[in-house]
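One chain, chain A, appears in both complexes that follow, with chain B as partner in the first and chain C in the second.
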Partner chain A sequence: MSLEVECGWTLLRALILALIATPTAALLTRSLENASPRSRQWQVVALAIPVLTPGFVVGYSYSNLTLDLVHSPLLNELFYDLLLLFQIVPVGVLVLWMAPPPPLGPTGSWCLRLAGPRRLAQVDSYGRLGQLVNGPARNLVPAFGLMALLVFHEFEIASLFRVIAGQRLTPASWSNAMFELIALQGLGERSPGDLWKSAWLPMICSLGLLTPLVALVRTAIRDTGTVRPIRTPENQRIRQVAAWTWLAVALAVATVIPLATLVHDALARSFFNKQSIPGLARAVEHSGRSLVPAVIVAVCAAVLAGWLLQRRRLKTLMMVSLPGLLGSLLLGLSLTWLLLMTGPVAPRHSLIALCLGQTLWLLPRAALLVVLLAVLPNRESTHLARLLMHAPTRRQRTAGWKLVWQQTGRRAAWLIGMLCWWSYLELTLNELLASPQWLSVAHRMYQQMHFGRNAALSTTTLIVMLAPAAILALLVSIGRLMLGKGLGGTR
Partner chain B sequence: MPPRSSRPGRSGASRPRDVLVGVLTLLPWLVSGAACTQSTSSDSPSIAGSTVTDSPDTQPPLVVYCAHDQVFSAPILERFTRETGIELEVRHDTEATKSLGLVNRLIREQSAPRCDVFWNNQVLTTTDLLADDLLARYRGSGWRRIPAAYKDPAGRWCGFAARLRVWIVNTRAMPATIESVQAASNATDLSRMAVARPLFGTTLTHYCLLWHADSGSTLKAWHERTRRQGLIEVPGNAMVKNLVARGTCDLGWTDTDDYFVGLDDQHPVAMLPVRLPGGKTICMPNSVSIIRSTSRLAAARQLVDFLLSAETELALARCTSRQVPLGTIDLESLPVEVQRLRPLVEDGVDLSDLGESRTACLAWLRNEYQR
Partner chain C sequence: MNDPTTALWTLDSLTLDGHEQPRLDIPHLEITPGRTAVMGASGAGKTSLLNLLVGFEIPGRGQLINRIPRSSDRLPLFWIPPDWGLWPQATAREHLVAVLPGDSPQQQDTIDVQLEVFGLSERAAARPGELSAGQRSRLAVARGLVANAAVLVADEPLVHVDPARLEHDWETLVQHSSQQDTSLVFSTHLPEPVLRHADRVVVLAHGKVVAHGDVDTLYLHPPSREVANSLGPANWFEAPQAREWQVGSGAASLCLRPEQIVLVADNDPTARVLESRAIGPIRETQLELLDSGTQRNLIHLAQPGAPIPSRNVRIAIAVD
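So, the complex of A and B:
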């Protein structure tokens, strides 16, 4: 199958899955909004875990199952689609939950309807389409676009499920077709010009899917709604049951079963013995080391995106986000050519090339998250809390710190944390740009996966997931300790 | 509420922030401190070889690019560091970026070389580096113990510890005999036979050898026929093994290391060597080379001799992938399975003359897989 044909199939899959995922995400968002704080916490955790489970681990765990489907390409495709659905719906929920309310709420819509069609036609921006764009679809369309974009760029699971049975290839994936094209032509002979020639179609598709998000950025800054519509309580119970069922199935299929399979393999091969302790120590140390560039990159991407947005330099932001939208492979190869092959010697084999590449790759995601997090409805209260941080007594100042943390700090921490996690498990740019000492722990996992070292892989996966959690717990404890001490003082 | 600009009590308010900033600033250093000790540390700094002329303490680590499985190569390289005191910085390969792997990296980096020693898991791609004149000549003690068929006469590369290309057969589905394999592979329905996609790795080598026999005419016809008849193509040799071991397919092509994984997992599998039309087997050794631009020639030579030694070949034979030693070795010390493979290795086809066939075969595959 040619690159163009695979691109077409991948786009079709992206659109269909996003169409299914959008109402699902809307349902889950409503369930989140209406849930009690305790229940909401659990729902957020259940939502976040599948999307944070590394795709290649999920793909690898299920590769044996899909091998059994080798004679049924349609089932192979459907199972792949189901896994993708579980991974993208939480992202859609994040967009819908965190995006500011649309300027046209249900009351406004009702008033416009009361005004009648003739009167309505006089108000240009609030025609039928305008009502939709400024009303309920304002956040749904960007969520749809982002989810479609994620499906369009997915290649880790696809590369493990990719089978040719006779002359039928499933699942189609433009990224994998691109890998093969480059592999067969030899990298040394290809300049970025050649690469971009091959990449024009995926780039146009990516831009098309991203357009609604850009629209959200523009309108969210200009026309922020202030009040979230109050949902009617009817069918609340059914919605909650449906939401919890989805969450349970997603958690089981996209995280618990893959990880349980790996742990089972590890136990079956008695990996947890004295001989494996040096291997465990190496994995712990490697995970810690991988976090260093991940943190640097996450902070750089967030700060750059925030700075450009704050100064309303949307065109610049779009320009610097373009390379990241091409996907890690094309970006990595272009930077390899520019920095490692033809550029000055200084950035070669240093942390600079890696950080530059991953920052560019993360920038579109960072921009989206900054938009979602920065446009908050409670600006006044945040300002007051900031003023309280400079109050004369220590107790008041500490209270100000706590309030600011609750209103903005926590969201910023989530932003940095998510960017950090993506960078931590990013493989392609790391493989192409990092010097040996900065190769990430994902590199080790992929190697173990490639050679079928299930026992070692399961242990590494466990450590990879626990290492950031341990550091996070440490930081939270330090923060609480400091705030606790601060509150205890009187001056 | 005081005005914002007056900032009363600023120093007090900034204390928690300062501490937090301090912790965040220290964190990378703490972690990077661990990074400094990540390379294979030397517990015993005694120098085993006599050819080391540079002091290990003052030199940067020797950079090794290693395409062999990290699980097996890491202990061997660590042993080298323990015995010689020479620190290593190892870049292992993944197939995450397919053939953008180590060979292409070495070609890309030739204007600012980084690598000192290249440990490849096959020979064919190492010989690609000869065209760019990237490899140094060295005919040391290790090179001398390897048979002529598996080394460059000029000493630019040398093979060791080989795998074999084999048929893997599910013994519950069919008997593991030459006749039944021939019958199954010539059947009209091939939907129960699996191979890895021939674009990379050892399956590409296999294809190149088939191409080499008659400039590709038999291979092209075979490829077209088998695809029409439903042959299954999967991403890698390990998946071929899985398909056959689980009984989804009856037979397929894989390498001995993957076959042994299936056998160790107690699956009903057996193997037969793949034989080319002339009757030769396909034996694919690891290979080791010194990069010409190295600034640490003495240490690089020491590592090459270490890898080509009988001890290293024995270690690789005893690990679960059971790689077959090529050099002279005490046969009794080898595992039984490896002893059985040794005659097949001696029957292996010459891989050093495949350059043109490989180029032509790749051009044809490009057309086949990108249309």
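So, the complex of A and C:
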């Protein structure tokens, strides 16, 4: 298949999966909102674990299964799609959960409904589509866009699942087709011009997924509702059961089974013994080191997107987001070429090059998340908390900090945490741009996969998943120590 | 202690951009310590002005100088926003605990007192989503008072409170701020709280200050019909009308409040009563001049012996 055809198939997959994922994410979000605090905590954990499981490890664990599916390309595709769904739905839930309420709240919608369809038709912007876009769909569309974008740019699991079925490779993946094109160019069978001509197509597809969101970005900045929809108790039990079923299946398929396969292999080879301790220590150290550029990159992308958004420079934001839409491979190659030309000023294999590349790569996602998460639904209450932060008495200042954290800090932390995770496990740009000491832990895992060191891979995977969780727990503990547990001092 | 001679805020050549025209356009305005009301019809710019004062919005052009005195133990400024600005995750009690300046037992007692005074004791453990609009409104005011700021800016406070307890809550707000030496800047479109509680008033229309000054002076001598009506029922006479109706002889227009007018049925009538109806403590009477047949409505206090239709009367000015 040509790159154009693979691009078309990838786009189709992205749209179909996002269409399935959006109502699923909405259902899970409702379930989260209605759940008791304790149940909500468990649901969040169950949602987060499949996202925290590196996709390529999951793909690798199932690679034997996909080899079995070599004669059933459709099943191979469906299984790949299922794994992608488990990875993208939690992202959609995060967007829907954190996004501010839409401008057309439940009462407004109800009034429009009471007004009747005839009168409704006279109000152009609040016709059926307007009602949807300004109402419940305001946050669903960005969630859909982000999830579709993630599917469109996924290639790590696809590359591990890719088998020859008849005359073609499946699952289709434009990124892998691009890899093959680059390999052919290396062999002199394609000119660099062909490569760049082909590069425009995925970028336009990515833009296509983001373009409808621009209008929503504008409304998100201008109109923010204040009323959260009232959740009716009807069918709550069915929803809860459906949500828990989804979470359990996702947890089992996307995390437990792949990790259990690896751990079983490790146990079979008696990996967990005294000799394995230095290897464990190296994996811990490597994970910690990989988090440094990941945090820098996440903060840079979020701050840049937030800064441009705050100054209403939406066109500039779109422009700087374009390179990221090329995908990590083309972006990495372009940067390698550019930095090679500039030579000593910015060496191509360095922390700076890595951070630059990954920041550009993350910017489209950061822009979308910043728009949704930074638009505050309770601006007045946040301003009041900020007034308290500057109070002369320590007690009021502490209360102010605490309230600001609850109103805005927590949302920002989620945003940066998600960007950080994407950057932490990014492989292509890391391979192309990082100096040897900044090669990520994902690189180590790939090597372990390459040499079939499943036992070491299982340990590294667990450490990779636990390292951010441990840091998060540490930060939460420090925060609680500094600010106290509740709002403080209730009698 | 707030120095009454130093302005808390000075606004100079200030504009606040809007979608089509500036939301505010104020050449010069000073807001002094004490109790200042900001009045105006809906869309006049009251909320925009208060948002600027508390720093929630930033002016497009011009200067806004904040001279609120800073002290080492007191919050300079606090706010009661129009949407109450409650913290969704905090209970009613936690709202008050969060803004309490200190931990002394007396201060802790303030919380119980304020919850009691504002009728929220039984809802102390409720979060904003579980409170009615009136309760949220009262909670926002209680929080504003517990914060003990040097200046409290209140944007249409108590607007959702039921009439039965409205005056009680206003009295609490005003008395408490007086006891704490807190300057109060509040917006409203109702004349009663302004006349009862404010020392000074700023009247806005279409984003511009149309009057600013002492409440009593503006009440009796408003510069325009618009200002006159915003401060309560008024009989506005342009200069020729004042002469025609024999209530004034100068070249300036005239405002007569209901309590300044008495309809007298004596031997020197100038007008005939066409219709008269009571509206609570005041009456609206339609008169026709005997000479010219010109008609107009007149608002005056209800007196014993209502004007009888078709009886001839004279307009007497009771108080200058």
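Basically, the second predicted complex is superposed on the first by the 454 of 491 C-alpha atoms of A that agree within 3 Å, B and C clash if a C-alpha of one lies under 4 Å from a C-alpha of the other, contacts with A are read in each partner's own complex, and residues count from 1 in each chain.
Just so we're on the same page, contacts are C-beta pairs under 8 Å (C-beta built on N, C-alpha and C of every residue); 3 or more make two chains touch, one makes a residue touch a chain.
None of these values were measured; they are calculated from a predicted model.
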Now for A:W401: first (chain B), second (chain C), both, or neither, which partner does it touch? first
Chain A residues touched by each partner, larger count belonging to chain B or chain C: B
Which of the two partners, first being chain B and second being chain C, lies in contact with A:P392: first, second, both, or neither? both
Which of the two partners, first being chain B and second being chain C, lies in contact with A:S159: first, second, both, or neither? first
Answer with first, second, both or neither: which of chain B and chain C does A:E380 touch in the superposed model? second
When the two structures are overlaid on chain A, which partner does A:L17 contact: first (chain B), second (chain C), both, or neither? neither
I'd like to know which partner A:L432 touches here: chain B for first, chain C for second, both or neither. first
Quick check for you: in the superposed arrangement, does A:Q448 touch first (chain B), second (chain C), both or neither? first
Residue overlap on chain A between the chain B interface and the chain C interface 384, 387-388, 391-393, 486, 491
What residues on chain C touch chain A, complex-wise? 54-56, 70-75, 77-79, 81-91, 93-94, 97-103, 108, 111, 129, 147
Touching residues on chain A, where the partner in the complex is chain B: 1-3, 63-64, 67-68, 70-71, 159-160, 162-167, 177, 179-188, 282, 285-286, 288-289, 291-292, 295-296, 329, 332-333, 336, 340-341, 345, 348-349, 384, 386-394, 397-398, 400-401, 427-428, 431-432, 435-437, 439, 443-444, 446-448, 450-453, 456, 471, 475, 478-479, 482-483, 486, 491
What residues on chain B touch chain A, complex-wise? 1-2, 4, 6-10, 12-13, 16-17, 19-20, 23, 27-28, 31-32, 34-35, 37-39, 63, 69-71, 74, 89-100, 104, 107-109, 111-112, 114, 191, 194, 197, 199-200, 227-236, 238-239, 242-243, 246, 248-249, 258, 261, 362, 365-366, 369-371
In their shared complex, at which residues does chain A touch chain C? 226, 228, 378-381, 383-385, 387-388, 391-393, 395-396, 399, 402-403, 406-407, 486-491
